[in-house]
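Two complexes follow with subunit A in common, the first pairing it with subunit B and the second with subunit C.
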Partner chain A sequence: MIPYAESLLIFTSLAVILASSLNLMLGYGGMFSAAHAVFYGIGAYTASLLALHVNSSILLCVPAAMIAGGVAGALLAVPALRVKEEYFVVASLGFQVIASTVFNQWVAVTGGIGGLTGIPPASFMSIQVDSYGGYLVLALLCAAGVLIALKLLVRSEFGRALRALRDDEAALQALGRDPVRLRVATVVIAAMLAAIAGAIYAYFTSFVNPESFSLDESILIMVMVIIGGTGTLTGPVLGAVFITTFPALLSFVQIPSTILGPTQRVVYGAVITLLMIYEPEGLLGFLRRISRVASFSALRRWQPSTSSS
Partner chain B sequence: MATEHILELTGLSKSFGGNRVITALDLAISRGGVTSLVGPNGAGKTTLFDLVTGFLTPDAGRVRLLGRDITGKPPHLVARAGIVRTFQSLRLFSSLTVLENVLLAADSEAGMRSSSERHESARVAMERAGVAGLADVRAADLSFAEQKFVSLARAIAKPAGLMLLDEPASGLDGPSLRRFHAIVRALVDEGRTVLLIEHNLDIVRQISDRVAFLNNGRLLAHGTPDEIFAMEELAALYFGDDAAT
Partner chain C sequence: MMLRVKDLSAGYGSLNVLDRVSLGVEASEVVALFGHNGAGKTTLLKAIFGLLGDARGEVSFRDENILNQAPKNLTSHGIALVPQGRGVFANLTVAENLRLGLLAAGVKANSAEGERRLERVFQHLPLLRERFHERAGRLSGGQQQMVSIGRALVLGPSLLLMDEPSIGLSPKIVQEVMHLVRRLRDEAGLAVLLVEQNVRHALKVAQRVYVLKAGTVILETTPQQLSDLKSLWDLF
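Now for the complex of A and B:
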């Protein structure tokens, strides 16, 4: 495989992790967050610092990144959700701004705008991951692991409570459940999963700086979830694939690089608006509708022969 | 502490804006049996449930459960303290199956019980409410009567000593009413205390050990059904306000 394709697939896998974990909050917990890139970034910086100064083992850096991400999640969720969940999106925006400032200004730790460079490649036992192919396997494994974990989680007793919370919060309270605790736990889990993507990103690019974890990135992750379709496991995967491969598709139609960025944004905006109007369930709903139409016409083709027999 | 009363309300008051909905209400419910809370539309019955279960905070007064002050506790802590309630609008988890709805009541006892024990208690609750055959149906796809019994099953699955049921029988037909009656009596037989809101006075007369009459946020009378129904001024008030019943 050519490195370009491999690297695109790696970034797509990371986007799948980010969108799927945000969907746990947004699609299941009903919390819009403009701070998901913070957890991605915390994961990346934590893994980078450990890899640079301690050891680049995945077994050290990834769990540490997850813990740091989870702590950051709690820092956002505990105060924000104690107040009122409606304010969560505002609190998350503030959290993103503060985190971006820290990433930029805490030069001694984050390297400031210049970031951290020369991050050593990932290692696992005695294996060094130093090829595109190796990172592709790692990223795909992580994405698959996250998706399986989310699937199990949604089906678990915790997931049942979360789905119930989405349906009727008062009824859940009347059964003895604390909605605040459920939401905080959801944010912490989502943040931990997003941090995994950050760690893989840091290893793969061997360079992290604040730009990758900005408000723009947070909004892009939210767009992936909304475009793909919230509240299902497949929707955010579709959204992540669409958003990451879309610029690559644009480059095939030879759009001058100076207007590439604006063009992307206009198209995202148009797609979101059209989906909101015609397909509130996102790309997933759109695909389902197409497949229903397809199977219906297949049925019609198939029926005459059976009715005549 | 007077623990022969499972629920004790003293001087309970609540207003919305300038509108006094519950006024200096005192009510003590003994352990066991069925107490029906009756009164015209807008009398404050549901508001009283909300005050007891922590969905509303009283402006004044105390709520005691088995002598323990639970005033102002949030709903989930009231539930854990031993009060389960249903809602007038049922509030089922519509995208979940009946089994999942009922399991959620058993789930909140987590930590002490294994998953199979919780499934077992959910199964028993569904059985008792007569909805075991609907276990895998999504709540949104149920008929109205089925929804009412699932809401009851969910309450039964929670091992709470005091059950507050908000109009659990309204809209049920004859056979369903008899089923409902049997379910409530079985709950009482196992030692639960039931406080229910009901408009249909025939049902109230049949099912209740005690009746509390609420009007304009005040408790006008509390006694046996015979005592309450003998009070002509109450009947006049009731039918005057709510001629349809």
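Now for the complex of A and C:
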């Protein structure tokens, strides 16, 4: 049970990294991408290859994964952001399909459908990470690091410009900013952060194959962001935790094992749909509403209004 | 001539909108540019401000060629654009809106120079000081227009390009905007190229007028000569 809980927490931490980094693009930059699993995968493959053939040090594999992820991000962003925004999601879909094909077909490098196996455990200086507990610490540290980095980034001048871009692109241009360059930088940063999750995933499972980085995964990451609530730092974290742990929670319900899988999926889909219908701001909006009802709603309403216009 | 545009042709891709447009703005002069929707007014401002990329002809500012220069270079030369539709960053506070302007001018918001520039803008737009920490999206349309103008002013421009600042505003607020334009010229020595649909109000502040039709200048005149407004409407 403990290893199960630990591995669930590790996957949750990775989901937090993926959802939070996608949220930088989607929530702050207004770019819907159906290709986030590509950067996750590039990170995983890069770390795996280096760990297998060079050295399994975190200090080598994680930065290399980030660089590879960033390059992949630029490959998507530079051509795709020349077209109108609405087409970005379509371009990202194409990018995902191409990347999936490469993962599957470039057997010499990726191992094809069989993937790469026997990836050595992560090492840091002379420490070998070889227990569930060790990976849990590593994954939690990475997730915390990514969240702190994103918090600083959003508060920086870059983050302010990004929010301004979402509000009014023409006005930002009038200030001499290049919106395309700003968006490309956003995609590259988001891709680099997603690649970190890929590297940790590869170490932990010691096996990577294309299935983990498919369009399904990209959509799932997008769902995490939207379910949680876009454009805030907390929303995607809630979404990631919900999407990763909810199916696990359902398995505790007493259902005959023959219909367990389909039931899980139906309940899961229904919950997501209902949430989007009744709480378009996502889980965060839902929690805010509950806390408003629960705590001194009358007192809060009493506060004098500051807008006198 | 501070801004000189000669035989400027520009458009979007293969669609040509401007056909050899020539006009000029002197220092400390307000020049109004009239024309119907689709006459090319906004396109002209965009072309001057380097937002179209492939304009042909001549555009010079203080005798320096600025044709197709990136907007970043133009703001540092002293040209600022107040875009159409107000264009405030609604989710940012007034302070953050102005801060982005300062940043575009390469000035730190909490530096002495930043304070000085803000102070100068507050002199003309005291409202911005009152609403400094409020989200711009919560302000009224007229107030948002003031934020947009203030954000251009912190760039420290000597030429302001304004794209229909009166659009969607009540007559009283339009009058306020026009008063502000006049004050900026008289007190701060600013030159303004004012694109407007609101001819009546714009004529009160402009020293010269150009009328644009189907991408070409069909008339250059002064408000005095236009006392008979009917002839202007006939041209439209």
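One rule holds in what follows: the second predicted complex is superposed on the first by the 278 of 309 C-alpha atoms of A that agree within 3 Å, B and C clash if a C-alpha of one lies under 4 Å from a C-alpha of the other, contacts with A are read in each partner's own complex, and residues count from 1 in each chain.
Just so we're on the same page, a contact is a pair of C-beta atoms (placed from the backbone, for glycine too) under 8 Å apart; a residue touches a chain by one contact, two chains touch by 3 or more.
Keep in mind it's a predicted model, so treat the numbers as computed, not measured.
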Q: Quick one: on subunit A, after the overlay, do subunit B and subunit C clash, or do they fit? Just give me the call.
A: clash
Q) For A:Ala171, is the partner it touches subunit B (first), subunit C (second), both, or none of the two (neither)? A) both
**Q.** Partner chain in contact with A:Leu9 - subunit B first, subunit C second, else both or neither
**A.** neither
Q: Mind working out whether A:Val271 is in touch with subunit B, subunit C, both or neither, as first, second, both or neither?
A: neither
Q: Identify the partner contact of A:Ala161: answer first if only subunit B is touched, second if only subunit C is, both if each is, neither if none is.
A: both
Q. What part of subunit A is shared between its subunit B contacts and its subunit C contacts?
A. 157, 160-161, 163-164, 166-168, 170-178
Q.
Under the definition above, what is the set of subunit C residues touching subunit A in their complex?
A. 49, 51, 70-76, 80-85, 87-92, 96-97, 99-101, 103-104, 134, 137-140, 143, 148, 151-152, 155
(Q) Give the list of subunit A residues in touch with subunit C in this complex. (A) 157, 160-161, 163-164, 166-168, 170-178, 306-307, 309
Q: Provide the residue numbers of subunit A that touch subunit B in the complex, in ascending order.
A: 157, 160-161, 163-164, 166-168, 170-179
(Q) Which stretch or stretches of subunit B touch subunit A in the complex? (A) 53, 55, 74-76, 79-80, 84-85, 87, 91-96, 100-101, 103-105, 107-110, 115, 154, 158
